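Given below, in the form of structure tokens, are the structures.
Two complexes, one shared chain (chain A), two partners (chain B, chain C).
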Partner chain A sequence: MSTSAVPTDAAAQPARPARRALLPQNPRARNLTLNALPVLGLVAVWWFVTAFVLVQPRLYPTPLAVAGELVRILSGDGPLGSTYVHAAATFSRLLVAWSGAFVIGTVLGVIGGRNRWFFDFCANPVWIAMAVPSVVWVYIFLVLFGIDNLVPITALLVLLTAPVFLGTAEGVRAVSPDMIEMCDSYKIGPIRRLFHFYLPSIAPYLVANARVSFALGIRIVIIAEVIGLPNGVGLLVGYWSDSLYMAPLVAWGIILMLVGVAVDHLVFVPLQRRIRQETVG
Partner chain B sequence: MTASMRLKEYSAQLASLVLIILGWEIAAQTMNTNALPPASTVFATLGGLVADGDAFGPLFSTLLRTVLGFALGFLLGTAYGIFAATFKTFDELTKWLIQIAIFTPTLILIFLFLVAIGRTNFTVIILIALVVMPMIGTYIRDALKDFDPDLEGMAVSYKVPLHQRVTGMYLPFLIPPMLAAGRIGFTLSWKVAFLAEIFGFPNGLGWQVRQTYQIYNVAGLLAWLCLFIITLIAIEQLMRFVERRVVTW
Partner chain C sequence: MTVKVSLRDLHLAFPGRDGAGDKVIYENLNLDIDEGSFTVLLGPSGCGKSTLLNITNGLLKPTSASGIIVDGNDLRDQPEMSRKMAYVFQGARLLRWKTLAQNAEFGLAGLNVQPKEKWQGLMEKYFSAVGLKDYMNHYPHQVSGGMQQRASIVRAWVNEPEILLMDEPFSHLDEITAATMRRILIDLWRQDETRRTIIFVTHDIAEAAQMASDIVMLTPAPSSICYRRKVDMPWPRAMESDEVIDLEKELRRAFSEKAGIRF
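Coming up: the complex of A and B.
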């Protein structure tokens, strides 16, 4: 993923302006057109296919039908009560699990980065946690806890902690040994060491972790909700899928996708840029 | 790495697994409910499945779909990564499409595809490829950004022939990120195949898990899950072994 190459972008920057200068247009506008054109083209193809080739609006919804459903969802109108209540339930679960996973994963990751044995010890469980799909964790926790709000949260927590752990451990290992030696020789205590040395030097990794795990979380939170929960976006999605009505399904997909992209670009990208500037300058 | 270090690594890795299974066994024995059968029962069920040969049908049908979907996604993703790293315009053209593909919830894609295209092997393969391709594509693209342009310039000025440039320069640079991306991508494919089966594909491992859950056969459920995890671990170890071999060479 693009976030794995955190601090190295600086070298790639200078090459750009020379190329852009060749083009007469405003480069920003040009790039935006380039970005948007294929998406518009895709929508056009979608419209054409659903309007003329596969005319079956229930299974193959037209862009207009989906837009209508988007408006309905945004106005709060849904088959099982207000859509905002479901969305709030989903996002509160996501936030709780994501922040919990971030804290636990970071703490364990710092230990794992310092202590090779601990890292090896965690390697298999972490790997299992990541490899087992969220729905399976939901099945396991459903069996253990019964139907409860705890089920999707724990499932997400398990899945999201693992990548945070790996990312943090990698970051801690990249801290230069000279600095640790310096801390040792100046007899700097563990708490000051954590806040003044470790955290600043692994900050880019932390932001990257937060970003990756959030992107993962928003995609899997609804999977965890489809089975055995009384509310959430997952329930609605399952409902529409069972009644073979695809327009609202696509609409929800678009909403979740847009929220994911928006959070990524409005929160994590600026944050990453700022941290990069601070560590460089 | 020396032998004693490797021994230490393996023992630490094993210790955690042993601890998990022990904890599970003890918890199950003390709680003594239907909800959590002891590890020994689950492994006995798993042994039964393997001995009867019941395990192999679902396992191989899932595995086949995974491998085909992954191969397709990997090919497309690598091609995309190379193109996007070489042609700036192509990168800009596909930027939003890739963003959309990355952030679209997998579950919604699964529901949509299973209904709109039908419940065939082909659907699942396309689904896997679609989910894996952007992940591998962006990984390869970003890895290629670190490629040293001086090396390229040198090769051009010395008029190194193309095939030699490919085998001597591009391939050695590309293989480690390709292997790493492949490993992550395969795990992802395996999960997507499984999810598609749980949500409505009428055979394979996921289907078995769903079936056992619906009749509340917890030992069976956990046995199928163990089979799923063990297969994944085996494949992962195999890929790591290959990676180590190829990278040292």
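Coming up: the complex of A and C.
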């Protein structure tokens, strides 16, 4: 036995109480503390800098000012009508474009994953969609369609379809040829093959695609609204940025971030976990 | 006897890799399979047994052939001929997100077995026959490998196909499970008054001797039929019976003399 060299339990004991004092015992609470600590640290630095170094409240708002703006936004108060109306406009645009892109990208991706010719045909447009900055896209669509709901929704749809397409095609390529042969042998038709075979086969890829495109979508929809739309969160962001008043801007940034994190943890992470459990089985 | 499946002048070569010459699998292969026979294709690994089933099922096109005939029709002109067949693969190849019953139903739907009202009854009949009635609503990962393979046999058999293509269905199983499965398969096959045509691939000589009504032996690729015989022995055949052991000996001898394989 080699355990003789390892310190005994008794020797290790004294170190423990010190750690106990710093972090809570409960693993959940400990996790939360660990997550919160860096944030609190950042806020502290932020406060210090804005209170003593860059004392210019309009440009460098203090945490307290931003907290005040957060409360104002959450109460619905804003310069251009209820903040909730704007948030709803943004969110519905995002939802329509994102779900459309998800469906189109997935269907095209399944075809692309199976058909090299189709994939090569789509590859260049897809790379163009992904490589050209979203701001440029929004301007192009603005010129094409004018100021309209079509602008952000089409722009978003095109841009979000690209990564979904690539992710799906990759997933389909990973599907076992043996299983495809089984489907061929049993003459499984295209519809049944899509819904009962390919989509379940690539479920983990689907969730990953949904996740990535949702996060990307939040960013692009705001840009589109800043540039050319009469309502939405992006309009408010543009308004505050034009008036060089940063506190509400930062507050909106925090809200968008929180929404993103919340959707990820409440929808995508549990979904991914469930799928992983089912596929490990 | 009527010929059910007939492969005429089959040629198949896979393009060679890295400038190597083409890999020739069949050169002018001819094979007739009698209706209602239990034909065992016996051959060494890599000789093209699975490939032969794939060609018969229409999954793979040969380089050339003057005929791939099923019931008098060329499969290439009438692809729907392959709906008369169901395939049991070397592995179970079940969909893991469907129960065993749903997997069987997947095949029924694909091959479009009519009327739909019959499906439930068919599934119960064949799941019972292989001893899986109580497991129909289990998922593949909830049952053993042997049970999965039985479920895959049910997936083929529920269609009540005229032709069953079976590719080493028991080679992944332990010998005890495999022995049980062979008995179940023979019972299933014999219980129908009009016997289905079974094309059964194996490289296991004992398995061939125990089950076949017709044995076709293939040489290593480029493969040709080096030996063929009918077996007129009733089932169930005991593995240790003299007739079966004699047959095994004969097959081994044929393998070394005709296919150049030493044991």
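Assume the second predicted complex is superposed on the first by the 253 of 281 C-alpha atoms of A that agree within 3 Å, B and C clash if a C-alpha of one lies under 4 Å from a C-alpha of the other, contacts with A are read in each partner's own complex, and residues count from 1 in each chain.
As a convention for this text, contacts are C-beta pairs under 8 Å (C-beta built on N, C-alpha and C of every residue); 3 or more make two chains touch, one makes a residue touch a chain.
Quantities reported herein were computed from a predicted structural model and do not represent experimental measurements.
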Key: Which partner, chain B or chain C, touches more chain A residues   = B
Message = With both complexes superposed on chain A, which partner does A:Phe197 reach: first (chain B), second (chain C), both or neither?
response = second
Query = Touching A:Arg273, do we find chain B (first), chain C (second), both, or neither?
reply = neither
Message = Quick one: is A:Ile223 in contact with chain B, with chain C, with both, or with neither? Answer first, second, both or neither.
response = first
Inquiry  = Considering only the defined contacts, which chain A positions touch chain C in the complex?
reply    = 178-179, 181-189, 192, 196-197, 200, 278-279, 281
Inquiry  = Residue numbers of chain A touching chain B in their complex, please.
reply    = 1-2, 4-5, 8-9, 12, 19, 31, 34-39, 42, 59-60, 116-117, 120-125, 127-128, 130-133, 135-136, 139-140, 143-144, 215, 218-220, 222-223, 226, 234, 237, 241, 244, 246, 249-250, 252-253, 256-257, 260-261, 264
Request  = Mind listing the chain B positions that touch chain A in their complex?
outcome  = 8-9, 12-13, 15-17, 20, 35-36, 88-89, 92-97, 99-100, 102-109, 111-112, 115-116, 135, 138-139, 142-143, 145-146, 187, 190-191, 194-195, 198-199, 209, 213, 218, 221-222, 225, 228-229, 232-233, 236
Key: Contacting residues of chain C [partner chain A, same complex]   = 54, 57, 59, 82-83, 86-87, 89, 91, 93, 95-98, 106-107, 109-112, 139, 141-142, 155
